[in-house]
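First the structure, in the form of structure tokens, and then the observations on it.
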């Protein structure tokens, strides 16, 4: 047994195992934070998150909304001198939260993902009217944006009925399999998210 | 030339004009689009943000369907779909274990042989034809090309253009006779991922982008992504209303065109066939000026 | 035939060469012919029984030929690859030799065969015949012939062996090698075996035991295969010469496949192509190295 | 002249339960030998089955050595030198790499499990890696059992062995 | 029968703790050919060595095996002792039972058995050891120095001052290197040219230095003590002997807008030029691609039209030149020089943040605009802007509009420590020169602001840390820890987006000028030279020293030494120290008439060589020669291989390549190896 294995903070090695990127390589140059379009809004900036992963401070990360504000625009990954791919590391962290403690998701973001995935699971494709309605119901933000729907409709941009796929069984099998394969996966967390509403 | 076609969910709804203009342009340029039969959503971006395997398996289903139809290349006009399909292809190529796992989930043979291309890439290939068939050069139209994130990043996945200093979109713009402007926010994210759930962020980011485009003298912004379009067009009213980040643009509304619409105009396709009437920010003043120059009337 | 005889006669008459090495009818089938006088030239023949690789007589090691330093030799397309190796290894001087190329449609496995060439009777080396019109030769005689019938028996036998377990393969080769009588006919007939003193004859130290015993036999056949890796042109003469019938061609062919797969080298008639062992690429694959 | 054959000393009765493989390592002087020195100065413990023979460079290592070591009772072999680009003699290891690629395939074809030979690059600073190579090889050969298929030297033929 | 002595060392407790040394000695006592076998506490000690010598005499030993530590440690010690006792030193061998046995095992029985095996193998080997004598090679007492920067200048002067001749080759028109471009030097702030130019003049005037400027090494043949160097003297087109350095030609030249290399592209020069006023030699050179006359010649040659009797284009320099020194007919010339030692001092170049497409694995900084933003410059350009001899006469004026910048941003680690761009190493000097830049800037622009983005401050030299502290504490100077993410032009400023990672505060600076401390890289095309010299390079292209600690200025190729930044990024003090170290190595070599080398070289058994020359292809050093064997009448019988012992490095690759094993590597003969395999 390599003794260094035991010394490696557990969170960093979990991330490495999940996505093949090693947060331990980060040397805190801050280039990710400096280029991140969401830095101004994140309570914990992306560079700090990398450091907190190294320090194994998972509570700080998971109980904060920052990882959910990531736009996955990949600017940080493109510029990281150490090729750490912070965006990929954040993917891994979000996945960990979804699987282990979905209650920690910010409510609107949870609603959005939930509505989105439910759409795909049900129809195989995203039917935007359904998505918007699903999101609003789940997030409680009933009145936001309502003014725009008629505008969309007027421009022929809203389909009111979903089209269904022939291979919808395929898609549903993928959902089940992915859920089953990664432990308490999406299927479970979706159910969990649903019950929390 | 024929190519596989993956429309993606949004072009059938909010981004209808994108598909309309793409199809119109394709037919003028003799590009056949073979739609992948029974395609499904790529999962962007909720799938990969929450479940790594799902984020690969959903796009992989579509690549497998395309492979079954013996397609070698698939065009994904939506930049997000393009990103997810490219990423699935990349991940399956480098991670054997993942490929096996996905193979089990898909329950169909899959060699990962299909290439994924975006709209700019295909238009770039067709540049000679565009120049040749341009009947209504957009001379003098100052345009800011906006790449956003997913066309060029992560570059090892997409392998398309230079992630920090791309030029492909400008090349296409130049072929239409329009003038590409130098500006700074070409690859800065518009915030699409939070479009629904965090309007404030979207407004802040959109503001910076539109202001920089205006400052460069642009009369229009050209995009190749339904989400960029929706954030800059559909949300532009909200962006322009906000005063939190400096004064709103004096020039007021800035039309946001799909690159296919721009090319379509140059090819002489009627604006209505390009869906230009479907925008929230009216394209009419722009069209009027353009056609006036050429001594024509707005259709 | 006449063309060949005339050329040989002319070369000798004009004093261009001291000897013409070709083929003639022997008491049992075709045998090599050593023509030193113009009037003997009429004995020369060429047909599908001319299986021998006469390039072996170009080597300076053939002491009995030392009296005739300038030699003409009859070669088939495949034989020119052996000439290329000898040139590459500075072993012959191109000016000293005249190569008489004959267009070939394949040869039998045995010089004593008769009848038409069939997929059954054709020599293994003809299976991948690639040099139909040899360029390295000074003269090219004969009419174009159809390509030889192919066979894949050698490759199939290698495949069979590879599908066995290590133990089975070991048993197979122990069985073969234990029959070796160390007559060194394989070495004698091989155009590439030209060492002044063979490693097998080295006594201080004696790396390869000289008595005909499985251990020394294994060492000998293994090291011989190593020494031919990337040099063997697959003429199969060693296997043909072996009096106890050890399938030596299998070993050589296997290593030819190895150097092809890993170093992109195939026996060629171009003497400028460097041998695969003695050259390298800094990015040669090394997955077997930890 | 006579030699004491160590294989004979160990005896033919070695069964797998008590089997301690005999492994000969051919290593280059500059990288691996020095790396093994470093393992020593760092007191990294490892299996004691490996006997090192020092050569100037992997380029000097002839397949004859491996063959002879097998004849003389080795159950496993290690061939180790400098990483590509680090060769003290610039390219010796590149030549060796090709030679051993062919030799390995030949052994395999002759029915010798190539797993009995470890090829490795161990630099002068990789004491830990050397220990790992030694331990991995020893463990693997121990599992494979004694090398029985190779015709070993016997006393009857010893006179023929040298000179 | 051999008479070998075996001496097993306890190394105090180091070996004896795990190895039963007495038993090992005992086991070997009965081994055939062993005459005497014993063990002792410290073999390397004086009494230990006396024990060996004493026993050698008593038992008339003809071979010695010392079982103790690594031969890398004490082989020399014991061979010397054996030699002192009257036996050829190569009859002594060591067995390593410490590093390779006692220190890595705990099981006493196993370690003892292993030690016995190892010693037995050595005993068998020693039976075949031959008495060897060192090879002597005559030495040409001259040195070649490649590169005329401060490293080459220092090495050349040191060697020449000690009385040996030096050939100095410089590829540029003048010596001086990067140091001549610097304004001041850290941490003492001496004027760089003031301390350098006297040394350049010393080189020019030194009776024992032959300077080939505007020249390159074309070929290197031979070996230590006896190198044959072919030098390509590029066509200067101005006769060095006739020219009187009056400068009239440059006055006359009509092309005046050519970017000056010396001013890092910020100033201009003519196409006949001396790089800078203090150049050595102070003789102009004509720049072929830019000279109007030479361009017209090339055009005419290209169009292949018959030469019309047109008036020659330009040639104003010819008319202006009093002594008629300009010679357009001049072509490249090859000269050869014989030397005994070589110092490589080729220095460095700066990483270019544009796309370095010619370099696999190296990429540019798109996020910083690929070097296309005019007011983003590198450190060397800043030096030129600060230098009194620079394009602005020492006034700090930015390239875009000539304005004096009020706010300058310095970015450190550009390329350095950035594996994603292809360079993971620290360039070593940037922390210091950036601090220097900050101080120089504050000196010239008193109320200016400077912001420095740094990663870690590395200032370990003498007086270095106080120097960087001084810069940090200067009013108006802010050191921020972090890398900037993006640079872009915004009107007449450069926007710098960054973050101070210590406070996590984002910063968005409107800078007037940005200075990038770009990475130090090896000279372009250096691999061409290292191939000629058989010197290996690391994967960045820096040359490899023979041993990182104990032989830092030697290379693996005997007779070739390294000085300065060709080996790794270095500052001036380190470079000069290294150059002097290399010269002392050269002088030690050249102080003798003959050279003794370890006799570990290959030897061909010509009687059995069949002349296939597989060995030649395996030899990287070109040590295999062709030897003609002739009969009594002088007729050629055959050509065989011969090893030139002066060139042979003793790797043995030829031996393994020889199919009939008729090459022996002395010290590692087939007999020796065979014997040890038999016994182990």
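Chains here go by letter, A, B, C, D and E, matching the order in which they are written, and residues are numbered from 1 within each.
Keep in mind that, in the parts below, a contact is a pair of C-beta atoms (placed from the backbone, for glycine too) under 8 Å apart; a residue touches a chain by one contact, two chains touch by 3 or more.
Keep in mind that what you see is a predicted model, and the values were worked out from it rather than measured.
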Check: Leaving out subunit E but moving nothing else, do the remaining chains stay as one piece, and if not, how do they split?
Finding: A, B | C, D
Next item on the list: Could you name the chain whose Cα mean is nearest to the mean of all protein Cα atoms here?
Entry: E
Next item on the list: Please state whether A-B or A-E has more C-beta contact pairs across its interface.
Entry: A-B
Next item on the list: Using mean C-alpha positions as chain centres, tell me how far subunit D is from subunit E in Å, no decimals.
Entry: 35
Next item on the list: With chain centres taken as the means of their Cα atoms, state the distance from subunit B to subunit E in Å.
Entry: 52
Next item on the list: Indicate the residues of subunit D shared as contacts by at least two other chains.
Entry: 64, 68, 85, 91, 95, 99, 161-162
Next item on the list: For subunit E, jot down the residues that touch at least 2 other chains.
Entry: 367, 618, 657, 661, 674-675
Margin query: Where in subunit B do residues touch at least two different other chains?
Written below: 163-164
Check: For each chain, which other chains does it touch, given as pairs?
Finding: A-B, A-E, B-E, C-D, C-E, D-E
Notebook entry, point to check: Along subunit E, where are the residues that touch subunit B in the complex?
Noted result: 365-367, 369-370, 488-490, 495
Checklist line | subunit E residues within the subunit D interface of the complex | finding: 31-32, 70-72, 96, 98-101, 103-107, 110-111, 113-114, 117-118, 120-121, 124, 534, 536, 538-539, 556, 600, 618, 620, 649-653, 655-657, 661, 665, 668, 673-680
Next item on the list: State the interface residues of subunit A toward subunit E in the complex, per the touch definition above.
Entry: 27-35, 39-40, 45, 47-48, 75, 78-83
Check: Given the complex with subunit A, which residues does subunit E contribute to the contact?
Finding: 367, 413, 417-421, 455, 481-486, 497-501, 504, 506-507
Checklist line | In the complex, subunit C residues that touch subunit E | finding: 60-61, 89-91, 194-199, 202, 204-205, 207, 227, 274-275, 277-279
